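Data block below; observations after.
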Amino acid sequence: MELASAEYGRTALEDFAFGFDAADPEGTIRRTVDGVKNWFRWGEHDVIGTLNFITDEKRREAAGLVRRGRAISLSQSFDANGPQKGWRRRTNPVHTMTDTGTDAERGIQGFPHGLGGADDVIAMPLQCSTQWDGLGHIFDHGHAWNGRRAGDVVTSEGDLVTGIEHAASLLVSRGVLLDVARHLQPDTGELPDGYAITTADLESCILAQGPTSQVGTGDIVLVRTGQLTRARRDGWGDYAGGSAPGLSFTTAEWLHRMELAAIATDTWGFEVRPNEFTAPSFQPLHQVVIPNMGLTVGEMWDLDELASACAETGVWEFQLVAPPLSVTGAVGAPVHPMALL
Amino acid sequence: MELASAEYGRTALEDFAFGFDAADPEGTIRRTVDGVKNWFRWGEHDVIGTLNFITDEKRREAAGLVRRGRAISLSQSFDANGPQKGWRRRTNPVHTMTDTGTDAERGIQGFPHGLGGADDVIAMPLQCSTQWDGLGHIFDHGHAWNGRRAGDVVTSEGDLVTGIEHAASLLVSRGVLLDVARHLQPDTGELPDGYAITTADLESCILAQGPTSQVGTGDIVLVRTGQLTRARRDGWGDYAGGSAPGLSFTTAEWLHRMELAAIATDTWGFEVRPNEFTAPSFQPLHQVVIPNMGLTVGEMWDLDELASACAETGVWEFQLVAPPLSVTGAVGAPVHPMALL
Amino acid sequence: MELASAEYGRTALEDFAFGFDAADPEGTIRRTVDGVKNWFRWGEHDVIGTLNFITDEKRREAAGLVRRGRAISLSQSFDANGPQKGWRRRTNPVHTMTDTGTDAERGIQGFPHGLGGADDVIAMPLQCSTQWDGLGHIFDHGHAWNGRRAGDVVTSEGDLVTGIEHAASLLVSRGVLLDVARHLQPDTGELPDGYAITTADLESCILAQGPTSQVGTGDIVLVRTGQLTRARRDGWGDYAGGSAPGLSFTTAEWLHRMELAAIATDTWGFEVRPNEFTAPSFQPLHQVVIPNMGLTVGEMWDLDELASACAETGVWEFQLVAPPLSVTGAVGAPVHPMALL
Amino acid sequence: MELASAEYGRTALEDFAFGFDAADPEGTIRRTVDGVKNWFRWGEHDVIGTLNFITDEKRREAAGLVRRGRAISLSQSFDANGPQKGWRRRTNPVHTMTDTGTDAERGIQGFPHGLGGADDVIAMPLQCSTQWDGLGHIFDHGHAWNGRRAGDVVTSEGDLVTGIEHAASLLVSRGVLLDVARHLQPDTGELPDGYAITTADLESCILAQGPTSQVGTGDIVLVRTGQLTRARRDGWGDYAGGSAPGLSFTTAEWLHRMELAAIATDTWGFEVRPNEFTAPSFQPLHQVVIPNMGLTVGEMWDLDELASACAETGVWEFQLVAPPLSVTGAVGAPVHPMALL
């Protein structure tokens, strides 16, 4: 298979249900939004968007997918050796100690009966490592999820309406891993930077992986591009904010039709970078799915161990428990996602 | 039932298997440690302690406890309105925005095609709200878990050996709620500050709650004292570091015998405060269970909604998924624990 | 002298040049602004306001005031024991170590030839302790200094126009201490909370202190209320944001007429608290002097040692060197002000 | 003149009063320390070292050097665009807003009568930009300034003995600029990275600059290498921690003999990098001068405007007012140094 071929990509863009004009991101985004917008679908007061698709039944089904009892972490680490390079003040975590074992051992802490302690603090962007974007993270022409004005939602005090605390405990569902990288590039298991994953790619991956990777209402889909595998081997480079494989803008229609609860990838930015527009543009798929579709998007997940485990058994579904830290008013939050299978 | 009666407490202390001398915390701690120490039980290189008790089978069993598909958050919020008062630099989280909706709406962010964004950062102690203590959090006479010297484990660079990243993905197991507050104080559902929960209390609670609250190897036990309920109603007061109901020092023997994987409470400090020693002392049960028993301890969990749900059905067991944030080298870490039932 | 007497205060308010209506803060502020506004006085591009009054000659004069060579710090300390209580996320500094002497002494730092090091970080509001307010700190009806729209000046990225870096190196001039507390309350040297210092108070203080306390164009005036002295003795209490002695709203006219370069006090908020309006109001004098007059205001300065030194010699003027930290885009910044006399 | 020639450097090293063995940093450091140690020179309780050399008379003399009234900032900016690259968690400042002008203009802050406000916070290493090293910053074989054990001085709680708060208000004296870069490299005004400034260089610079650059007891000497000029033109590169011009190890004898109060440079690390030892070594001159000589060292100062001003007038002395922020227990602190001339 030839990846990222001009022919292939062109076809996908030409076939896009809402019409794709590479020279006109604004118009293309507008038409797409018209096709996939979920505003008021769950009432005018809704603050969780597509997480409404997750039901008790869904979570029961998810628990039923735990066959071996294996727990796989989907989290990257949170430390100073992370990928961030300071773009818009996105730095790596700074973790410092307020009490240490060296102090304790030296006997200077002042506690009685031989007690010693260590304690620590952290300073970090909420989206510095494995994370969920909240619905207040992205705006479209000054509007936030469900039609609210951006300035009524997120001020200097945080997201006063759709803060991550509303979504946090809902992020438990059936998870499905689509290892598109392994599917399209079986030799390397890595998609090249700039490769746009199309709906056809997703569907052929599902077909190839078999029935356990069928997706539907309320599922959380994890798409593996292999870029993190590459970064781990070759160094971070421009992992944060540079070129990357990711979802084609044209998958917006599929994401909507599938009624996914959430989606996550192993990349910094979820969608393909650079994106498929030729005119100046920035994260156009974000603009469609977050404020308009109400989709919760995860980024920088580590899907490698899970991919191996699924490939081994041929089972690509599992219970996914991924509640982010409940930071009041956050527009994104770190999470330690667990796949239980 | 008369709570915290001198008679009752005295009996528990007098009967303590390892001998309790209220005037001699150091000696009492030493004898207790001799009785419950798990050093080298899992080899000299072990870094996870009692989390070794959790097996794939245990996690499979846990998933099987999901009957209704209900997901209950056990997390307090992370914000400036938290309980911390600055003790040893434990402050509440400071959450600030690096981009806002007001900026986006005003059109000053410089993004193309109507895109706008919000982003945020946080600075906080890792143990400021709902959290797990790591094994490097507490030392005994200059020694850390598994006999290492404290200064070889936790330096200014963090916990170089038993950092929370080793434990994080293991915190998935069968959970059991022991609502001791409701059991002992059915009228209020709250234990008074200073009340020491004894082994007899735990056992009578289990008996009263019935077979779904039997605990054993690899379980994670959640003990509700009702103090958080009170704090929520009356204000934080001295919730962080003041008097509190909590586990009696004498439960060390039971915690060891039950082979629990972990334990968590709805209080700041897990054990009763002030503790049961008359001589100067500080968190003596911590000194026994963390560096010596290798027990992972959770604090400031919100168990109220879970308690209602369990009381309603009479079922006190559930799947507990509680992986803390994977902060490299942390001696404690925030977590969003989920009970699935 | 009877302080804060209703008679006295009423007279000051009644005589106010621009008319004072206690029930109408908005109207009173508007009229006062009309009388003291300096917009465009120094051109439309000005970013430093009244700091324009400081000339080389003024600084030369200031240096000539150093008679004994005594250096007096006017800085409070920056630490966790500060006055802040979290209002609008104003916390006290959190200072943590990234390397320590205990680590160095234990030989675990990995440096050669016996070298060891200690290093540290800080997280703090820029206005948590002794500080200068920048011109971007306060707005009047959505406008900032020199008529700019607030949203064109201070976004989430900071003050893009009047950031403290423009003012920082200019804050060197002749300083004059007006120890109004000692003047009005010689017994205690402290004004009561809520006492509004009037123009008459300032002028009688100058008269009493003698010719070295005459103030004029380009001077930086320090007004001692004694509140910090009280806080140091009795505990912080509501020093940050509670009642306090401070400048009467009606001093706006004097501050303007005197052509001061800057003014600082030993209180949290510079102006009297509660202020002199009966209708709901908040820091009305700030609204007049910062965005409209372009006056740089200092707060939480420690004037006690300086007051003793001046009282001793009867000389109330000195060289004041007070450049704040040059934090790009800051709307306020910490400073270590030095009086040299 | 040929700079950094092997011949030249070798001579300086061969002539070193205490004997220089490039293969034996530990021995060379020990001998040098024996020659320049100031322990107990100011009593056993001393916490300020060579700042003892500054007297009232010295400060009076310094004030007398203000001839034109010109104030020149010697501060780099404090922002995210700084030189730091994360070495030992030394990052650049992260400045965020807690209130903004966009929020104020939009009318969502809830203040009365049209008042609006902006506020901000910062998180940064204390030595991220223009700074003074405190005496607790460096240790020699586990010992700190004046013979104290490092672990008795700097713990996780900070520098409990020689914290920067003790030195802060003392850093006012006569300043002398030695523009060694301009002296040795008149064409470029920049010394190459790795160039070791010797005592002979310093002395010939003084001779060439004339009598106003004579240095003596209590002076604060500023040495310009031109590296910052280069970094500003070419980008930061490895300014933080890479190769740099700086003081030769062998200047230790001169620094001691001159009885300087303090010294500062325009580089990250004050001494030449790589240093002159061939065996593994790290900042050996720091190890001599900070814990043993008690010398306060400044780094990352911006000396370019001052250099131009001094060259213009041929006067190289001035009043230097450089009190760092008074952070309790800090082992270093940011400063906005001002040269008044």
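Structure notes:
Per-chain residue numbering starts at 1, and chain names A, B, C and D are given in the order in which the chains are listed.
One rule holds in what follows: contacts are C-beta pairs under 8 Å (C-beta built on N, C-alpha and C of every residue); 3 or more make two chains touch, one makes a residue touch a chain.
Quantities reported herein were computed from a predicted structural model and do not represent experimental measurements.
More than half of the contact pairs of A-D, counted by residue number, reappear in one of B-C, B-D or A-B; that pair is B-C. Mean C-alpha positions place subunit C and subunit D at a centre distance of 29 Å.
Each chain gets one centre point, the mean of its Cα atoms, and the points for subunit B and subunit C are 46 Å apart. Spacing of subunit A relative to subunit C, judged by their CA centroids, is 47 angstrom.
Touching of two or more other chains is recorded for residues 89, 94, 96-100, 102-103, 105-106, 108, 121, 123, 151-152, 155-157 of subunit D.
The touch graph of the protein chains shown is complete.
Per the touch definition, subunit B reaches subunit D in the complex via residues 94, 96-98, 100, 102-103, 105-106, 108, 121, 123, 156. Considering their complex, residues 25-26, 29, 55-64, 66-73, 75-79, 81, 88-90, 93, 95-102, 104-107, 111-127, 130, 136-142, 144, 149-159, 165, 168-170, 172, 279-284, 286-287, 319, 321, 323-332, 334-336, 338, 340 of subunit A touch subunit B.
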